[in-house]
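When the chains are written out, they are named A, B, C and D in that same order, and each has its own residue count from 1.
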Amino acid sequence: MERHYVFWSDLSADYRLHDQEAYDKWYGWEHPHPDYLNKSVFGVPELHREEIKKAQLVSCPGCMAVTSMLALAPLIRNNIIDTDHIVVDSKIGSSGAGSGSGTAHAMRAGVIRPYKPAKHRHTGEIEQELSEIAGKKIHVSMSPHAVDVVRGILCTNHTFMKKDMEEKELWKLYRQTYGEEKFVRLIRDKKGLYKFPDPKFLVGSNFCDIGFDLDEDNHRLIALSASDNLMKGAAGSAIQNMNVMCGFDEMDGLRYTPLTPV
Amino acid sequence: MERHYVFWSDLSADYRLHDQEAYDKWYGWEHPHPDYLNKSVFGVPELHREEIKKAQLVSCPGCMAVTSMLALAPLIRNNIIDTDHIVVDSKIGSSGAGSGSGTAHAMRAGVIRPYKPAKHRHTGEIEQELSEIAGKKIHVSMSPHAVDVVRGILCTNHTFMKKDMEEKELWKLYRQTYGEEKFVRLIRDKKGLYKFPDPKFLVGSNFCDIGFDLDEDNHRLIALSASDNLMKGAAGSAIQNMNVMCGFDEMDGLRYTPLTPV
Amino acid sequence: MERHYVFWSDLSADYRLHDQEAYDKWYGWEHPHPDYLNKSVFGVPELHREEIKKAQLVSCPGCMAVTSMLALAPLIRNNIIDTDHIVVDSKIGSSGAGSGSGTAHAMRAGVIRPYKPAKHRHTGEIEQELSEIAGKKIHVSMSPHAVDVVRGILCTNHTFMKKDMEEKELWKLYRQTYGEEKFVRLIRDKKGLYKFPDPKFLVGSNFCDIGFDLDEDNHRLIALSASDNLMKGAAGSAIQNMNVMCGFDEMDGLRYTPLTPV
Amino acid sequence: MERHYVFWSDLSADYRLHDQEAYDKWYGWEHPHPDYLNKSVFGVPELHREEIKKAQLVSCPGCMAVTSMLALAPLIRNNIIDTDHIVVDSKIGSSGAGSGSGTAHAMRAGVIRPYKPAKHRHTGEIEQELSEIAGKKIHVSMSPHAVDVVRGILCTNHTFMKKDMEEKELWKLYRQTYGEEKFVRLIRDKKGLYKFPDPKFLVGSNFCDIGFDLDEDNHRLIALSASDNLMKGAAGSAIQNMNVMCGFDEMDGLRYTPLTPV
């Protein structure tokens, strides 16, 4: 038990990337303590639970990164999508997007604003994690947009299938990956307004809701994932990681479930 | 002059598609008057002005279709993008998305809701128009999302370049295509909050604002286009077409320019 | 126990008023079963708990009525305000105000709309209850306004004091009245953004939050009360009344407490 | 012509009050240049046009003050209301209410927040102007509330009539006062959603819309007034005053009329 004295569930972006070159590229400056980069564990228990249990330094993920990668991981792991054309189109509220004068009410009300269509830093995290799963370098095409909500992310993960699969096969893959997970919910309602994930119904909770739709014409699989960027996307992840690191019940402090519409 | 007596700038979706098979596929029923389908002109003056001048039946475009195709047309015409992976991710307000109980305030407030991730009807229109420009069948991957605004569309058109081009070459293509157009504005501000099109600043106007960003890592060109779905996306288009058909000044009745932020 | 077989916690407005003449005036038609009017109990446990316990017919209150009267009752009971000039200015969200086309998102977004400045029906309920407390006929001047939220009411109850009182004396009156109540919370924070009740922080809960401010120049006491119109204002009241009628724990099914800001 | 060299349409609150004692009371400190206080003209052309023409220093009004006083002035001038019980309940958007952290989007979204129920500084301006009209000291009971819009004020001015009057007599008084005014519009539609003033339809314009309703039970006259706090409430007033001072057309730079609903 070497972990008695110091361990850390880190909310900053300082140790999310394991590779110094990647860090310098995405952040635009040299990391002052590169020796720690490959000692930190990327803090998504659904992907790294066993490592987190033993880690001294866990780096909590970017909100858009974790929301997107949870939808994409099963597709990469099962090698069913074209990894050259992964388009992640994200929509996020004011507590997640930007800072400075852009946070004022007048600047947020009523917008649908692309704010970093290319080269957003969270891309590096998604690429790192999916590449690790794939066993090869994977590129991700991410574009975030600011919309007029306070909390919430929706990631529309557009992917192209290597060969066509049926909906039920795909649900099976998702269930195999997340069937035991407490904080991932699989969503599909055949009718009604709430057929797909919508972050409106996740505010205050640590859930990541995942669903998908199929566009057979284009062999496209649209994986949809939603979360509250202040919970599963940040503070909630930090608590979930702490719970795993300390051997607590993983749900402690995170049991809140908002009302969902009927 | 055979057009003396009857001509029509049609706001419905009845005659947008020229091909009966395509109509039946996208609309799910048989067209009762298929003989008119290939007599109608698709009502986007920026693409079909000369035909509209002589047309008896002009079919005004779907709001998401026209907004997207104006951003994509120059890229297709100049043959610079991979036509197998065109992802159109649209975000639209309550006056454009859906009907029924979904239009109630409570159902719209605070959502980021995917509502037809695959097989949305406007896809057929974009494919028809871009295929005509390309001279070959083109597939488009479109997914619309409802967000909490009343009027406005943003289309994030993710494309992959055949070979890398510089930003200024791309601006040149857009200027060549739309330099003389009254209702297309090219948007790029290097700094500030308003670097890219945002439909917030188009409400009530007939403009389609177009901009783009480059993601060199993925050879991705993100073409961004915004409009007011009740103007350029519908009623504004109908008036613009009428003006062209009748030989009026194309801007008549459409000169309103909302305040834009500094 | 004569209540074995039939008793009722009624959500409609049919039996709120005990007086047939008042009913006919506020509703504009003749009540078809006036004999039940004075058999029903007005369903606010904070005012009529003992009667509700024994009632067969309990009529749940109007949302604006209950929210307003809970703030005003202690002032009337203690005979400290001028009962000729009670101005209740209410602000309410789309789930409480109006119906018809007015519920569409486009009609609600961005409004601050007076919708029945005089003669709103809930006035009759407030007058009935306050008159009963006062032992004399009391008139209330109520004006509701629609604002752009989904759930929530704020009542600004402007009253004029018969003689000046200090803040702490007034708090004492409120504590005496509601100190034991589970669903009434007294709010006053000397600094910060949340000095007074705000329905934003009550969505989904059965609380009525009450606070006040003093305008010594005008001998005015501004009693502020907030609730979720779908809970304490309607469905929540119905459950609370059922609990009282059936001898259940009054909080059963109503324990939800939303997060409040720090 | 003594005004050749220096004259000023002042946007600050420094010279709105003419009385030093009043200034010190409402602002909480001693005015450093009290000698200018009674040299400035209160900048509401509808009340002081002739004085403004000759003024060297015009002080533009507070946004809630001007919106409220325009509704109340005809009632005071004609001596028809009880001046001891004037309740002004104001609702205002984020560009008008407050500053500091309260302007952040998260702090504004979804609120109905009383923010200064008693002793708001604009009260002093309303009292000064109405007292001048009345020829006696008048007290006003004002309470502002923050709601979730960016621009706009609605003032619900609750007044009690000395003796009952008919609606058409009241309209006559308003028409007599404002019939020739370019920036005051009288609003009453017997049916539809837009029976009363709503600032939603004034954004960007210099209009103050005024309407009223009668509550005969309480001899109450509810005068409703709406404006865009950034126009008639501030910058628009400054321009209007400048136009009057300089002998320009009073509407210069202020002709924008937003679309109104049918």
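Everything below uses one rule, namely that contacts are C-beta pairs under 8 Å (C-beta built on N, C-alpha and C of every residue); 3 or more make two chains touch, one makes a residue touch a chain.
Computed from a prediction, not measured in an experiment: that's the story for all the values here.
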Taking shared numbers over all numbers used, above half giving same and below half different, the chain C and chain D interface sides are same
Farthest chain from chain A by C-alpha centroid distance is chain D
For the pair chain B and chain D, the C-alpha centroid-to-centroid distance in angstrom is 44
Note: chain B sits from chain A at a C-alpha centroid distance in Å of 31
Chain D residues touching 2+ other chains are 107, 110, 149
In the complex, the residues of chain C that touch chain D are 85, 87, 89, 91, 101-102, 107, 110-115, 117-119, 139-141, 143, 145, 147-149, 152-154, 156, 158, 160, 193-200, 212-218, 220, 222, 224, 226
Within the complex, chain C is touched by chain B residues 94-95, 103-110, 149-150
